[in-house]
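I am attaching a structure below and will ask some questions about it afterwards.
A, B, C and D label the chains in the order they appear, each numbered from 1.
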Amino acid sequence: MKYFHWTPAGWALLLVIARWQKIAEFLAGPLENKMLALVVLILIPVGIIIALKVTAIRKVESRRLQLAITTLMVLVGAAAFAPILAPYDPTHIIDLANAQTLAPSFAHPLGTDEFSRDLLSRMIYGARISLSIALLAITLSITLGTTLGMVAGLTGGVTDSAIMRSIDAALAIPRIVLLVVVLALWDRRDMMTIVLVLGLTGWFETARLARAEVLSLRDRNFVVAARASGVSNVKILWRHLLPNIAAPLVVTATLGVGQLILVEAGLSYLGLGVSVPTASWGSIIRDGRELLFQAPWIVTIPGFAIATTVMVFSTIGESVREALNPR
Amino acid sequence: MSTSQALVEVTDLKKSFGTGGWRDRDNRIRAVDGVTFSVAPGETLGLVGESGSGKSTIGRCILRLTTPDSGRVAFDGVDILALGSSEMRKLRRRMQIVFQDAVGSLNPRMKVGAAVKEPIEVHRLATKNEINSQMLALLAEVGLDPELSHRYPHELSGGQAQRAVIARALSVQPDFIVLDEPVAALDVSVQGQVLNLLASLQRARNLTYLLIAHDLSVVRHTCDRVAVMYLGRFVEVSNTSDLFTSPLHPYTAALLSAVPVPDPKKKRNRIVLEGEMPSVSDRPSGCPFYSRCPHPKKNDQCSNVAPELREHEPGRLAACHFAEEPLSI
Amino acid sequence: MTKGLLTTVLCAFVAASCSTKADCRGDFCGTIVIAIGGEPETLFPPASQTTAADAVADLIFLKLADIGPGMNSVGDEGFLPRLAESWEWEDSVTLVFNLNQLARWHDGAPVRAEDVEFTFAVYTDTLVASPKASVLERISSVTPRNNGQVEFKFRLPYPEQFYDATHYMRILPRHVLDTIPRVSLTSHPITRAPVGSGPYRLVRWRASEAIELVADSNFFLGRPGLARVIFRVTRDTESALAQVLAGEADVLEQLVTGVNVDRISTAPHLRTIEYPSSSYLYLQFNMRNPEDPEAPHPLFRNRMIRRALAMAVDQQELIDAVLGGLGDRTIGPVSKMLSIWNDQIPSLSYDTTRALELLNGLGWTDTDGDGYLDRSGRRLEFELVIPASSRSRRQAAVVIQDQLRRVGVNMVVAELELNTLISRVTSGRFDVFFGSRTQDPSPSTIREAWSSSGIGGANFGGYSSSEFDRLINSAIESQQADSAMTLWHRAVAHINADAPAVWLYSPNTVAAVHRRIEGVTIRPDQWTATLWTWRIPESRMIARDRRGAP
Amino acid sequence: MTRAIVRRLYQSVLVMFVVATATFFLIHLAPGDPFTPSIESANFSQEIVAQQRRNFGLDQPAHIQYVRYLQQIATGNFGISFSQHRPVLDVFYDVIPNTIVLAIAAILIDFVTGMTVGVFQSTRKGSRVDSLLSAISLVLYSTPVFWFGLMLVLLFGVTLRWLPTAGAIDPVVYHSLSLPGQLWDRIRHLILPAATLGLIGAGGTARFQRSALLEVLAEDFVRTARAKGLRERTVVTVHALRNSLLSIITLFGLSLPALLSGAVLVETVFSWPGMGRLITDAVSSRDYPVITGAAIVSALLVVAGNLTADILYRFADPRTRTAQ
């Protein structure tokens, strides 16, 4: 209950009442919207619960962690319920002739972009795109990395060296370069493509970590004993090794979400992100880049949003790591 | 030695470990260097030696937890090294291992009950409904409170953990258990309890043990026969009482002289070994024990020709050129 | 041609009178910096494909003759002598050029007839694979008669013979290039250190930064007005604009939007120069099914749907929103530069009521009240493919999407990476393609893009109309300017009625130029063509100008 | 020790081979073609494109191209750039020095600031300055590098007009400047991109240095040194810092790929004529030889960096020096 506050809950309730019509629309609306909300709503709380459990065991308490989790809640809420919260449709052109690149004002708290679209709405919807991409991609890459790393560590021999040399090679190419090359393979860049590409190019470090952890556990007596009892390799991986390497993986995943948000933003900035009209934060920056001098807020605001989100994930990840590493 | 009805039969077992990868043949450590023995059903064979002498490796080879380089391991007449992995898994039900580090041999993220249940599930030895009651019965058999089944390993004491490990080993109703220094990490007070438990379990379940120890005092009261290892080879194999009264090999004699005796007035000839065990990677050409041998008669023959393990008295084998003139203790 | 000779002699005299470069004085010493969007890929004219490459190459190399400011491509009327001092027709398929005896390569060697022969051989060599080879197909041979005379033979007589003979080939120095194997000619270091015969020669080329040219003060057509020309490679219009505004660059040839023009107008040191654009933009309907090229497109095979969609697009709003008013509605596949441009040609005008009526008449109505038209359970929707790299097209797509939504049509915009776009468009895997075409001065290129002879080539949508084909062919073959014009206009009116595309706009080209530069003229098809006649009077020079030539 | 290094070298060659193969096949799987005709100008001809493909051997089956490609790479020849019409090596000669200059400047800023701040913080653990600096380094660590660059452009380039924001030199005046003038011109252009890349990296380095040093400071030998009555400064610099240096060397090796990744973005922001911009351009023009070459060269830089870090590590750590 430490992380639950009544004031935000009250605000949330007020919001529900004030926006009940939008909520009804949202519930009746397209499946995709609800799926995205679900993704964000499930993955992050699961992460937070794991993080809290780990930190609670080691009794780490810090104001920073509390602040980070509260901020994350707000972000997640905004992302999940974008259709309810956003004042405008993010693709709606308000008035091309008269409302282009308006500075922040009461009507448009974050101003408008060059197509006279409301920037606040675009930011809220962008949160969803950026967060969902990062979360789905990290899920994919952690799963992939853990599986391959554990298999490499447990089997050893040729499989191990094949996997490890491929990983060495993949890690030798700088991430953005690799992404730029791999993204050229897809002729359309919808969200799933980006998730896939980010996930498929992000598992290498995790695999190394998982392998190292497995190697340190492989000859521990409880694993040997399990094998002596006739437990199969798959079950050893799943029941004995995975639970024991989960903690460092949770740290990697949490820190990885932040890094993925940065990478995705970088790709969008290079014009390799998700295509319009659903903009991620990175592509809002890209769209605003040419208006840097005339409408600096278009570039500035998403940058702050990205930095804040990454900070939140870094703080949580590092708190968990501190909790695991008593020094 | 009654080979006909042996449960476990090990012939000329060799195992070496590399340090520098597969190209590095010179640097290999011969942990086990041609060992032959057998264990009869219901018997307890003790395996004694200093750390690094290769005794744990033998235990692991028998269970095929490591694959030996050469030699034969037969369990109940079946060559286990020739078995496929699924047949091997079936056979594992009949042979179990208990390690020195009890807490470490339990998965820290698994509750004790689950750990005991796991082998039963793997070998499908009980229906879903019975598993739990079987587990509780096993805990009771090893003298553990059923409440403890909900605990994590780090919440148990060393003795409790070792009992849990024994319960897990028993869960598959094995015939043969390798006890790899089962009490070495325990408090002396607990050591006796666990040894007694093992002995009573052996009687009740007609178990066969291979008891690995670096400490002769543990072996004395629990083993029928004892094999003494030095540098990957057996130097003496004998029934327990004879070994303790009149050791044939000077190394055994030296080990025995170090064992504290209950009667401090009894006069003893203490044999102190000089130097350290030579590194296993640069094995001397003659008797491996030559450099440290306290025997007054050791000579050129000892330094040049490695003595074979020969039967000197019925049921008593030793690898020493002067086995007929043993050192007295 | 005597007048040309006279000027040449005069110029040579003037040039000789001040030859020391170090302390350059007078009106020929200026330096200008041009912000150029995109870097030339090569300075070997047969291989060049980008406008940037042509813009720079035009200052280094010369053609035999240049098209005149009137953009006439029929016959030789209006063409200006360049390397050729004069020319005569011996018969309808034989054209003889007399080379200017004063013409020199930058290394001092005279330009000879054999250079022209060599140039033709290089342009048409398959090992060179010049993109311009195909337009030279109707020239059968180029042979020198003597050092100063070269003869062109054509396969058959046609109106644009002279244009074909002169417009595409920039004459190359045989003595420099002859020893290089043809297959490695396009990648030889010489392509980055060109030897030409034009008013400027290359001093240095810093990759992705700048290209620096200096005037050849002995240029035989007259001393170039500027001593030094620096092309500064910039990535985007915004940074180019910033450079021009800050005085770091003197020229930006394309301001694109009205907002930018407004910003330039507020800067006291700059002026704007407007000239007709050579490109037009359009939404091209695919007539064939994207999944099955043999079958017609389920929607766009219907002429009425195409007409309805064309009427639903408000070009003026588009021009205002995207270009800030800086453009004209196009009437047909015609850019404003072309001589056949005429805004009186009949075309479909913006009329949402009529568009909606047409669609309703075809059975498309909004039965489920979601704001989009549908028919037998299917929504009226299609995909528009646009290149992600084109900012103005991305903007326009957003506006058009909004406009079509108003009549209940759902247009999904797919931004594609350029290569993907090209491979999809050229293989017919698209519904609608947001295209932009840059035209040559000759209207005959319309045939490649829109007639049935272009199917498999540049006619990506597969539009085919025998009447249009007939009209356009006779327009191209017509020797008389008046009747040709009428035929062109009829052809355009015909294609407008068929609506194989929604014609959008031809952007107005507005250049920003520093006020100290005088004599600024711009030829619409190649804006650097007359740059060598620009100059900076000594009285108005700034520090940069004097820092001058090496 | 030499044996270990030889083994690392051998592994590196293997890694490079995998990189070369992977990039070759990846890029050949991609849709599109380097010789796409311009679909926007008048002269559109599929035949010419086919001819160009033949001239560059792209009509051959993939495995033949692959073998020929490997032969070329082995002799240090990366082929001819399709989009620049010149040997890829020439292209690299133009851009690699720029990237290396940027990278070195960035590394200097990164490690000098990062380590100084980290050391300073660890000597004042828990103080207000410490938490302030921690917050700053966290912010830097979490900021998108390209956005930070844009902000610097906005501040120093547009608003204050102190520094140039594009290119590596001023092409207009550079060649007429004196030698010191040229140097100054280069430095002026270098400041913003290097600061962008370096400061973002310094955020991470400072955090890392702080925790590495704190870890060492908690160890027994440091406590012993303190107990001996050594001055705190001596303890930190002589005993602790030397030991934390090891982890910094590792970090240096690890941060190279990230640095090059950052360089891709930063070079785009500042129109810096380096590898990063070359790569993004090459991908958009499907310039296979440049892409594969660039991937190999950047992998080579990374592998070389790691190898250097490895060797440095062995020299810095007496344990590894004697162990082999």
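Throughout what follows, contacts are C-beta pairs under 8 Å (C-beta built on N, C-alpha and C of every residue); 3 or more make two chains touch, one makes a residue touch a chain.
Values in this document were obtained by computation on a predicted structure and should not be read as measured data.
Here the chain-to-chain distance from chain C to chain D, counted in touching steps, is 1.
The innermost chain, defined by the distance from its C-alpha mean to the mean of all protein C-alpha atoms, is D. With centres defined by CA atoms alone, the chain at the far end from chain C is B.
Between the interfaces A-B and A-C, more contacting C-beta pairs are found at A-B. Work out the mean CA point of chain B and of chain D, and you get 56 Å between them. Remark: chain A and chain B have CA centroids separated by 52 Å (rounded to whole angstrom). Centre-to-centre separation between chain A and chain C, using Cα means, comes to 46 Å.
One simple way to say how far apart two chains are is to compare their mean CA positions; for chain A and chain D this gives 25 Å. With touch defined as above, residues shared between interfaces to two or more other chains in chain C number as follows: 242, 389, 417, 419-420, 423. Counting partner chains per residue, chain A has residues 184, 187, 289, 292-293 touching two or more of them. Counting only residues that touch two or more partner chains, chain D has 30-32, 158, 268, 286.
Pairs of chains meeting the touch criterion are A-B, A-C, A-D, C-D. Chain A makes touch with chain D in their complex at residues 165-166, 168-178, 180-182, 184-185, 187, 258, 262, 265-266, 269-270, 282, 285, 289, 292-293, 296, 299-300, 302-303, 306-308, 310-311, 314-315, 327. By the touch rule above, chain B contacts chain A in their complex via residues 60, 63, 65, 89-90, 92-93, 95-97, 99, 101, 104-110, 118-119, 122-123, 165, 168, 172. By the touch criterion given at the top, residues 11, 14-16, 18-19, 22-23, 26-27, 29-32, 138-139, 141-148, 150-151, 153-154, 158, 215, 218, 257-262, 264-265, 268, 276, 279-280, 283, 286, 291, 294-295, 298-299, 302-303, 306 of chain D touch chain A in their complex. Of all residues in chain D, those touching chain C in their complex are 30-33, 36-48, 51-52, 55, 80-81, 83-87, 90-91, 94-95, 158, 161, 165-169, 171-173, 175-176, 268, 271, 273, 277-278, 284-286. On the side of chain A, the complex with chain B involves touching residues 220-222, 224-232, 235, 239-240, 243-244.
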